[in-house]
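The data blocks that follow each hold one structure.
Heads up, the next two complexes both have chain A, just with different partners, chain B and then chain C.
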Partner chain A sequence: MRSNRVGWLLLAPTIAILGIFGIVPFLYVLYVAFHQWNPFGANPYMIYNGANNFRRLVFDNEFLTSIAFTLKFAFFAVLSEVVLGYFLAQLFMKEFPGRGLFRTIHTLPLIVAPIVVGSVWRLMTTPSIGIIPYLLKSWFGYDLNIGRDATMAFALTVIMDIWHWTPLVTLTLLAALVSLPKEPFEQAQIDGANRWQIFWHVTLPMIRPAILATVFIRLMDALRTVDEVWMLTGGGPGAATRYLGLHIWKIVFPKTDYGYGSATSVIVLYLTLVMCWLLYVALVARRGQKRAS
Partner chain B sequence: MEHMVDLDAVDDEASTIIASPQRTGFLPIVTNWFDRVFVAIYLFVALELFWMRFLEQSIPLSVCHVLAIALGALIVWRG
Partner chain C sequence: MKHELGMSLAALAVGLMTSVMPAKADFWSDAGAKYKGVTLHGVTESTPPSNYIKDVLAPAFEKATGIKVEIETTSWDQMYDKAIKDMEAKTGIYDMVYIEQDIIYAYLARDFLVDITKSLKDDPSLKAPDYDETRFTTFANYFKNADGDLFGIPMEAFIKVYLYRTDLFNDPAIKEAFKKETGKDLAPAKTHEEYTQIAEFFTKWGKDHNLELWGTTAQAHTGHPASWYEFFESIAPTFGVYNWGIDASKNYSASVANGGTMNSDKAKAALKYWLHLRDIAPPESPASTWTEVGTTFAAGRAAQGLVYGENAAWIAADAEKSKVVGNVGVALPPLEPGVMEDTEAGKGYIGYYDGGAFGLPVTSKNKEASLLFLQYIGQDSVQGDWAVAAPRITNTATYDDPKVIEMDKKLNGYYTMLKNDGKLFAGAPPYPFHAQVREATAPIFYKILLGEVSPDDGLDQMAAAAEAELTNLGYRK
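On to the complex of A and B.
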């Protein structure tokens, strides 16, 4: 009992902070989601409207479209970041001249604020002054205009996200790779395993927790991305890059429809948790079942 | 050095305290009670949203409440 009391005492500050900054705001958002509330409208008071915000949500084509775009964005961005991050982590495991310098430069995007990343990429991709349209035009004769071309706008948001967040994945996987024991690899080599077999049967299972944690973090981030995309494309052209975070921002700030915005936020949180849980089940829980059986 | 701690005993005690009863029901994974409540709540919400989108025009939402609660209870007890 004593160790329990000490445990709870040590956890108390964390629980208090989590409660104040996490749970209470969430409960408030949940409360607002069941109300009609536009504080700058004709009636600035909250009016209880049951599940009407959610009812409106399931028929909102803009919202449903933005879910599809966001899932596509998250899929391409997170997958590319994990694959690229793993290869870079493997590269940093090897000795080569200038490794320290390259690692430092490679990590720099991480310390840049997302809004600045969006601004820089906007400058780089603006047709008349940006270096990317200039190079594409002079090398390949391709006329890049993300204000017109929805596919390119989408691709550029993905590339920007990869540029910004791959270093995080690299550092996490590098930490995991560095901490691996040498013996299983030596054993596999003695047994005649090739590089692919070593990767598939030794490396991958051992760094699975690190990959899983990284994918969770990046997936949650990708599903709520706002500022970078807002700076780069503003959600356009049309609604081609109007991802969920941006969609909520537009409901809550320009339209000041707090009730509907809260309902949308709750559903986005729901989707995020469902996806993370499914991923967890696919990668961890089913393995646990196999072991148990 | 006066108090020697028996690490094995502490480990046993910790595992007894921490481990929550897990089992395999009709869900395709090993679950504890928290997992089952989690799945039940998530299916409840999914069912409600689906109903609002496709079925509410013909069948009232209260039917969905009853079905979703029954499904949730089934998952918590037998899942």
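On to the complex of A and C.
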């Protein structure tokens, strides 16, 4: 009984912080989502409107387009980061001259604020000024204009995200690889397994929890990305890079449609949870069931 | 005898001056004494006029009064975010907020701001001897309510002008080539047809001579409201489409069918004209906001363009930032027939009168001290140097300041134009729903820019979207 009380006492600050900064704001967003509330409307006060905001979302083309673009962005960015991150982690497992320096340089993007990343990439990609359009034009005769080319603008947001966040994946997977015991690998080599078989049957299953955690973190980040993309493209051209985070930002801040913005946020949170759950079922739960049977 | 009398009079004059001057100079220290130790917080957009407040006026005020002033200069979006959130949530973080001319109506509708006129009348001890509302230019009228009370101290005011390169327009070889090609003399355009002709000529000239030169600028970002503003505030009015094509007197109608002009033939012609200019503008135009348009012109990449006045001074005079110093001419924007007549009759305007003021939120915890600071930046005595550091004029007396007159020569008459022709330009329409209508229609506008929707269909859709949003907001019944 006493130890229980001490436990709760120790947990209290965390619970209080979580409640104040997590649960209460979430409940408030949920409450606002069921209201029509635009402080610059003819009636600037909250008016209860039931599930109307959610009903509006279903028919909102901009929202649906934004979901599609965001999922595409998250898929390409996270997949590339995990694959690239794994290869870089494997590279850092090996000894080579300048490894420490390379690892430090490789980690530097992580300490740059997203808004700065967006600004730098914007400078690098602005037609006539940026180094990237200049080089592409000089070497390949290709005119890069992210103000007009939706596909290139999308691709650049993915590349920028990969540049910024791959180091995080590398570090996480490197930590996982370093902590792996040597015996299973030695055993597999003795049994005559080739490199692919070792990767598929030994390494991958053993670092699966680390991969899963990394994918969850990166997926959630990718689904709510705002600052970098806002700086690089402003969500354009058109709506080509108006990802969900930016879409919500535009509804809530410039448009001050707090009720609809809150409803959109709630739905996006729900979608994120569903996606993470599906991913969990696909990668962990089903495998666990197979093993049990 | 005469000499003695003269000496006596001089001594009397000196005595009077020395007895009066300290009393006037002491107003700030006396008034500030009560608020010593107070720190005022202001938020504004990072622009040359705001930076001058932060770097020069705030320290000077602190020295005079003992009241510390911290000015946060940030991006346009962040500035609004922070100010609105603070006033909406009544947190009282900011004692002063920047009010751009187009948002004053929304702030007044929400009672966000303190009535400065009334506050100074209610407490005359706060009234600075050198501060007088009547000394502001007519731009201050945008920050007044129906009773004529002021809710913001004007701190910047510019017109969006037509800049052109005098070195190119006066080059004999270019003039001859232009005459040969068009049969006309090369001179700043007065009509859209002339402007287009000049733009096409220079873009071709740049291409033929392998120069990084195009015929016009275009603020045509495909994902930023800057393009929307360029069209509705600078291009459409020159075709006779005013107030964004929304008619408040006709139940806030935007579509022609309901009495608006957003999708009128004039609006469609204006959009096609502008899209053509965008196509012959430098390649960075689809990614250009107001900032990039300024840098494009300053880099010598455009022969002419519509540029915000806040950028005109550094483009024309700052050799560290601009390649076209000494080669910048200023003119009124090209117009369709009838627009000048509309303007002179008070029915229209020829371009955008941009600017802002510093207001005092009702949620401020230091209203009296803030009123002192607002008066301090509104005095005639601080305006001259401020106008030279940043090309803004808010007080009528500033036009006669020798430093400003000197600067006007470098700017090829920009200040003279502001003084004489400022009345032809207008700020944003008095609607409290600017950002809301803009955000409701901008996605369609970006589609037009990308060619995903035709200009005609796009404007029809925008008019419908504007009316739907206005209905949703409760303005349109």
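Methods note: the second predicted complex is superposed on the first by the 287 of 293 C-alpha atoms of A that agree within 3 Å, B and C clash if a C-alpha of one lies under 4 Å from a C-alpha of the other, contacts with A are read in each partner's own complex, and residues count from 1 in each chain.
Note that a residue touches a chain if its C-beta (ideal position, glycine included) is under 8 Å from a C-beta of that chain, and two chains touch if they have at least 3 such contacts.
None of these values were measured; they are calculated from a predicted model.
S.K.: Should the superposition on chain A be reported as showing a clash between chain B and chain C, or a fit?
M.R.: Aligned on chain A, chain C fits beside chain B.
S.K.: A:93 contacts which: chain B (first), chain C (second), both, neither?
M.R.: neither
S.K.: See if chain A has more residues touched by chain B or by chain C, and give me that chain.
M.R.: C
S.K.: Let me test your reading of the model: by the given contact rule, A:6 touches which partner, first (chain B), second (chain C), both or neither?
M.R.: A:6 sits against neither chain B nor chain C.
S.K.: Looking at the overlay, what does A:24 touch: chain B (first), chain C (second), both, or neither?
M.R.: Neither: A:24 stays clear of chain B and chain C.
S.K.: Please work out how little space separates the C-alpha atoms of chain B and chain C at their nearest point after superposition, in whole Å.
M.R.: 20 Å.
S.K.: Taking the complex as given, what residues does chain A use to touch chain B?
M.R.: The touching residues are 4, 51, 54-55, 57-59, 267, 270, 273-274, 277, 281, 285-286, 288-289, 292-293.
S.K.: Looking at the complex, which residues from chain B come into contact with chain A?
M.R.: Listed in rising order, the residues of chain B that touch chain A are 17, 22, 24, 28-30, 38, 42, 45-46, 48-49, 52-53, 56, 61.
S.K.: Touching chain C in the complex: which residues of chain A?
M.R.: Within the complex, chain A touches chain C at residues 38-44, 62, 126-129, 143, 145-148, 150, 233-239, 241-242, 250-251, 253-257.
S.K.: Would you mind writing out the residues of chain C in touch with chain A in their complex?
M.R.: Within the complex, chain C contacts chain A at residues 77, 80-81, 84, 88, 106, 109-110, 212, 220-225, 282-288, 292, 301, 432-433, 435-436, 438-440, 443, 446-447, 449-450, 452, 472-475.
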